[in-house]
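Next up: some structures, all given as structure tokens.
Note that chain A is present in both complexes that follow, paired respectively with chain B and with chain C.
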Partner chain A sequence: MPSYKAPVEDMMFVLKDVLGAGQVFAEIPAYAEIDTDVVENVLEEAGRFCTEILQPLNMSGDAEGCRLEGGVVRTPKGFAEAYAAFCDAGWGGLSASPDHGGQGLPRTVQILVDEMLSASNLSFGLFPGLTRGAYEAIEAHGDEALKALYLPKMIAGTWTGAMALTEGGAGSDLGLLKATAVPRGDGSYTVTGSKIFISSGDHDMAENVIHLVLARLPDAPAGTRGISLFLCPKYLVDRDGTPGARNAISVGALEHKMGIHAQPTCVMNYDGCQGWLVGEEHRGLAAMFTMMNAERLFVGMQGLGVADASYQTAATYARERLQGRATDIAGTAPIIAHPDVRRMLLSMLSFIEAGRALSLFTALEMDKEKFHPDPDIRRVSGGLVALLTPVIKAALTDFGFEAAVLGQQVLGGHGYIREWGQEQFVRDARIAMIYEGTNGIQAQDLVLRKLPLDGGRPVRTFLGLIRETLEQADGSAEAAAQCAALREALAHLEQVTARLVDGDLAGSDERNAAATDYLRLFALVSFGWLWLRMTLVVLKKGEGADAHARRKIALGRFFAGRILPQAGALARQIDAGSAPVMALAAGDF
Partner chain B sequence: MKKILVPVKMVLDSNARPRVRTDETGIDVAGMRMSINPFCEIAVEEALRLKEAGAAEEVVVVSIGPAKAQDTLRQALAMGADRAMLIQTDETVEPLAVAKLLCAVAREEVPDLVILGKQAIDDDCNQTGQMLAALLGWPQATFASAVRFAENRLLVTREIDAGLQTLSLPLPAVVTTDLRLNEPRHCALPNIMKARKKSLTVCVPADYGIDIGRRLKIVAVRPPAGRKPGIRVATASELVSDLRAAGLV
Partner chain C sequence: MPSYKAPVEDMMFVLKDVLGAGQVFAEIPAYAEIDTDVVENVLEEAGRFCTEILQPLNMSGDAEGCRLEGGVVRTPKGFAEAYAAFCDAGWGGLSASPDHGGQGLPRTVQILVDEMLSASNLSFGLFPGLTRGAYEAIEAHGDEALKALYLPKMIAGTWTGAMALTEGGAGSDLGLLKATAVPRGDGSYTVTGSKIFISSGDHDMAENVIHLVLARLPDAPAGTRGISLFLCPKYLVDRDGTPGARNAISVGALEHKMGIHAQPTCVMNYDGCQGWLVGEEHRGLAAMFTMMNAERLFVGMQGLGVADASYQTAATYARERLQGRATDIAGTAPIIAHPDVRRMLLSMLSFIEAGRALSLFTALEMDKEKFHPDPDIRRVSGGLVALLTPVIKAALTDFGFEAAVLGQQVLGGHGYIREWGQEQFVRDARIAMIYEGTNGIQAQDLVLRKLPLDGGRPVRTFLGLIRETLEQADGSAEAAAQCAALREALAHLEQVTARLVDGDLAGSDERNAAATDYLRLFALVSFGWLWLRMTLVVLKKGEGADAHARRKIALGRFFAGRILPQAGALARQIDAGSAPVMALAAGDF
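Entry: the complex of A and B
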């Protein structure tokens, strides 16, 4: 049975010591009441909730799964009670606006709680995660009447949210979707269509499910510019917010899937149900995309969270499992003494802690983008968020899955059987690479849209930050090897970036073929940068550094020596261009 | 009851791995994770339940310890306590000095009930509550596994060697909590936020004119010796004779 403890100490180290979040919060009037002490209190208590209430349901929920009974989805034993406790404790409204009953905490805190939820119970974490995505979309685009009616209950968690985008014929290319919406003349619409892969599409844990459905109006232009967003509640809501008659929404089937078995992923049928327009006509996709950055960051945290859960089990196991002989150890050695086992654990951990730092860096930029009083800072932060969002979504879920596989490998056969929970982490982590835009789509987004964004300003700013840290590190003998490794990797990244933006790799096939390798290269350099930043913080503390801080030095060196050199190989792969990818004729596959 | 006073202690977290100082003077807690003593947390919970049941109007928490003990008090406030006070000192305060300080606080605050953990998990003294009751001249009920308030008396069920004993106490009284009294609540997020705004006053032992000088001498603190390997015996009678030889039966 896995035993997950939220890494609050590391979270606080990054927030306070590396990113100086306390100072940033102090500059933002909306966070006047937030300091890092209260953040720590919140994280401690959230961690306790995840460890004591959600984690014990993770394996049982996986084994039992969801059932469709008489058209209603039944969640596994204990989920409804846990969800009620989650709502009673107010966790659903953590970062929601205080105007509608939320606690107004920063995004930085939200993503850390997301990480804990994902580590302790990914299936459960999706319920509040999707509800948040839905209420943020309604808050940003809905009219006042919709907001007043739906936001308080969704923020309290009394009603949950579902995002109905994908159809059988429209996945990555939503321009192909066929669901329709026809005005009823009373301000509402009749929505008809069938959607697949709808997470939290239906369940028995809350009194209503609020679906945000993408559909086409009768006069809609073809493609992505003809899609509108509709709010369709499972139960129609009267003026004072009481759910009444059942709307014409039904569960067609539960998807049978590889992991997240406790999460009801539904085929949903909207059979002429009543819906209300959210935002402007034909602007539905744009409305969805305003909350997409936050949702993609959330999915990145899922990869990270599962990786950490797997790591914690693997590290505990490796300390206790006695197999083989090792230098300097009498008798049978714990497997953590073996260099190859250490390589696996360190690969996991050096990714996890750098990934956490990169996510927190981005979330803090998100907080600045939204609330900072200085418009110049908001603009720069917005650019960084746009640039880093696809990197976090794809890299944290790719590396997260790889980490889960390593965590399984550490346990050998015990990682493959169910008892230790490691194989569940592998199955659960896999989805995060696929949904919310596949990682291939994220890579395309990075290369085709984010690199050229604002004349290339965001990427120049980001690379400039890395060079700045390298300059600060100049002259530090302890960090010299790390600096050299980062400088080399950064040179590869800069060179490839220039070629993709307006050099020999700027053609559309070239960019497409390079995108996934490029995103990985980008992520490795970003991780290397954050390892250097963390190392410099610890070195500056000198004798005053505590045990947690001191171990960062060893981890940073491992990353620079054993992982970061992969940047060179990726650059060479990209160098080969699209020709080897396109050489084989489609018929020859 | 108008007021319940709950003394709480900050201790090394039960999940932390304690390190004995090399000079054998005690445990090195620098940079270690600290939290509220579990028995104290149970005492806070019980006080809050009494208040929520209408048996008390106000719950005040008090701690004696370093500035960081404010975190412990904030947690009690987040659970639902109304206000907090810290008697700040970086010294190790022995149970008698703690009892004297709490006695002084009780004389000032005039609570109807002082409820506190039966012991702290760091030094396991199990003395403070008893000493406090003696200093105040109040009745005491230690190791409580159930507490009920009725007709201005407190019915306290105690876990004793022979089973369960129920005492009926007039107020004011001192109660110390055992592990099975209740299961402390999870703090709700809005309450964590509200706790920041609740009153937390800080003073020092000298404000009460109490001498907290040490009266006990710690000779040495050492980690337990490593476990020796066992031996395997062939038969039950061999086991019995070995145990006899070792003087264990």
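Entry: the complex of A and C
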């Protein structure tokens, strides 16, 4: 059986000691009541809930899966009860606005809980994750009537949310979508179309499902500028918020997937159902992007969470499994004594901790962007969030999947069978590289849209922060090797960035051909930066202080020596340009 | 639905034009009758069989899986009939000795058929693959009576083979195994023990299953030097080869696995069954290694085959799926127009073709090792085979899995659901990195055993071949960039090799910590070498001659520019040594 315990100590180390979140919260009036002790208590409580309630349902949910019975989706045994407990404890509205019943905790806390949800039960975690994305979009773009009617129930978790974007002919390119909406004359619309890959599209865990559906109005221009967003509830809601008649929404099919079997991924038919416009006409994609950006950070946490669950299981197994001899141990050794097993575990863990630090850094910028009293700080933070969102989505899910594959490998044949749950982590982690915009799309977003954003200010700011840390570390003998490795990797990143922004790689094919390698390079340098920051904090306390300190130091050195050199190779690959990519005619593949 | 067509033209190009197999066959009396036209006909025929009979059963076999009913394993619908057709056509004994009814074709042909089997139906292909491993071990080590009784039926496929090595407490470390064998006094033995992860352990496709079981005799020394190999048939066989009474062998359970659902992976109980010694007492591991080396090459072909099946499906999809705009196309473009999609397809294909060339190079050395009249050539070939076997097993399955993950990514959400079969390829490919010795074990084998082999001669020979090709390419302007990239990567490999053999990295921890990165570096350089060889052949014909030539040129350049730079990073990672890997105490993980 897999084992998972929420790494609250590691989380608090980053939040408090590395990022100084307490200081930031103190500057934000909305967080006046929140100190890091409160945060730690919340995390401990969330960790307990995940370990005790959600993790025991993870393997059984995978084995049983969802079923479509008489047009209704049935979730696996125990899920409805667990969801009720989840809502009762108020986890659904953790970071939601107190105006509509939320607890108003910072995004930094929310994403750590997201990590735990994903680690203990990714399929389950997607229900509240999507609900939050939906209510955030309604909160940002809906009119007051919609907000009053829908937000309290969604924040409480009584109703869940679903995003209905993709169609059979419109995936990465939403401009091609065909669903239609026609005004009814009473302020509502008739929405018609068929959508695929709709997570949480239908289920038996909540009393209503609120679909946010992208569709075209009759006079809509072609492409992405002619898409509007509609709220379509499964059950129509009367004025006092009571669900009544069934809306004309039906489940066409349940998809058979590689993983997340406990998640109902539906083909949804909107058969002339009644819907309400969210935001302005033809501006639906912008409204949807509010939801998608939050979801992208959430999906990044899925990659991270699954990686940590896989790591914890692999480390437990490696400490217990006796096999082979090691040089310094008489007789048969636990496999953790073998260097190649350690290499796998350290690769996983050095990514997990740096990935968490990057997510927390970004979430703290989100908190500042939303609530900081200083508009200049809000602007700078907004730029950093925009820049880092695709990096987190793609890098945390790519590295997260790779980590889960390593975690499976540590167990050998025992990782390939169901018993320890490692193979499920690989299957579940795989989706995160695909949905909410494939990782290739994220890379395009980073290179084509985010690098040039605001005249390139966000990326300059971010690279400046890295140089700042390097300057702070100057003169530390203990961190010298790490600094040298990071300095070299940063030089590669800076050089390639300049070429992509307005140098010889600024053409469209060049940027596209470079994008995936560039995002990975960007992530590696970011991780290296955060390892240096973590290292400097620990060194201040004294390197050998305790197991926690020893672990940080060892991981930072491992990352610098055995992972970061890949930055140089990525820069070289980008250097080769688009010519080798574009040479072959489509018919010659 | 996935699509697969055996790439016979590409296979023949490597075999005939690049490696000059026709010339080699002519030097070998056993292959006097075999010219490359014969080979091409066999491959065309095998390709047809795989496309028409095996591939249509791949997805249905995965969905249905194997079942254990009343102690007997039932394979999925259609498998037994397909296996009968397979045996009728003589595919089981393709490379087996004509002395026992085989067709005596070269290993080079066999592995190409293995690739096709794996591409069209990996679960199915494992049945004959293991049978071959088993009959090769019996042929090499069994006495004449055993050979006469078992080989003809196994070569015909009437009986299948299984390897019973792993136990619950003995996986990578076979020295820990506990199964016992006691002489009965009539030349046979009573074999008792429980084995896990036994592929093809039981099924309903053939009239008998021949288990090769590792066990200890009563007086056996501890560890790997006290293991003997026993042949234990499911049904005891009388003198004229008729199966009769059931032997005391039972299926304890069927494993629930991530993939290869149509393969019965069994817990097998040998409950005091009757067995016969294969080879000498206490020398069972050596006998088993005959089988395992052949199996390791076979497993490498599984990685390659699945990668090609995934590639072909992804390329078809990418040519047809319209999504997004490309710079040089008006309106919506097929996704193959997008540089990032091409990057994925080219990464897959440049590995597939180089991996196939490396496998064929090795198989041709196996043919020479076995049959060449010149003993010096046999010795050199034997060294190369020993050196390259772990590289092929590990690199082809690692890169093969990575390719399948890319092939899935090309399809986005459609790759995560069952529909196109891409997710099955990922699940099926994953096992190949684990069984027949995990890829970590292969890396240890390469660094600790194969580099020092015969005073280092095999590795010197191999690196010498690469330098030879570089010298031949000298002066070719068209190949200059490829040569430069390969020369640099080779320098890294040579330098690291020297340090591992008798330099500063020759200590046990250093070698172990370097092993996995080293094997990958070794494979990348080998692939780069074979791309240069393929390129030189094509350039001689004229670069733009036809689509085939254009494809080779483009792929070779892509590999040199966009993949080979990783060699430098791997060398740097090895350079960091074992210190960052060993720093942390086991309890601090």
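Basically, the second predicted complex is superposed on the first by the 585 of 589 C-alpha atoms of A that agree within 3 Å, B and C clash if a C-alpha of one lies under 4 Å from a C-alpha of the other, contacts with A are read in each partner's own complex, and residues count from 1 in each chain.
As a convention for this text, contacts are C-beta pairs under 8 Å (C-beta built on N, C-alpha and C of every residue); 3 or more make two chains touch, one makes a residue touch a chain.
Keep in mind that this is a model prediction, so the values were computed, not measured.
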> First (chain B), second (chain C), both or neither: which does A:492 touch?
Replying inline: neither
> In the superposed arrangement, does A:132 touch chain B (first), chain C (second), both or neither?
Replying inline: neither
> Touching A:431 in the superposition: chain B (first), chain C (second), both, neither?
Replying inline: second
> Does the superposition put A:100 against chain B (first), chain C (second), both, or neither?
Replying inline: neither
>> Just to be sure I read the superposition right, which of the two partners does A:49 touch: chain B = first, chain C = second, or both, or neither?
In response: first
> Given the touch rule stated above, what does A:88 touch, chain B (first), chain C (second), both, or neither?
Replying inline: first
> Regarding the shared-chain residue A:153, is it in contact with chain B (first), chain C (second), both, or neither?
Replying inline: neither
>> Between chain C and chain B, which one touches more residues of chain A when both complexes sit on the common chain A?
In response: C
> For A:41, is the partner it touches chain B (first), chain C (second), both, or none of the two (neither)?
Replying inline: first
>> A:296 in the overlay: touching chain B, chain C, both, or neither? Say first, second, both or neither.
In response: neither
> Can you pull the chain A residues that chain B and chain C both touch?
Replying inline: 547
>> Under the definition above, what is the set of chain C residues touching chain A in their complex?
In response: 166, 169-173, 176, 196-197, 255-259, 265, 315, 318-319, 322-324, 327, 332, 334, 336-346, 349, 401, 405, 408-409, 412-418, 423, 426-427, 430-431, 433-435, 438-440, 443-444, 508-509, 512-513, 515-516, 547, 550-551, 553-555, 557-558, 560-563, 565-569, 572-573, 576-589
> Mind pulling up the chain B residues that touch chain A in the complex?
Replying inline: 15, 30-31, 33, 71, 74-75, 78, 186-190, 192-193, 195-196
> Contact residues on chain A for chain B in the complex?
Replying inline: 5, 9, 33, 37-38, 41-42, 45, 48-49, 52-53, 85, 88-91, 93-94, 103, 546-548
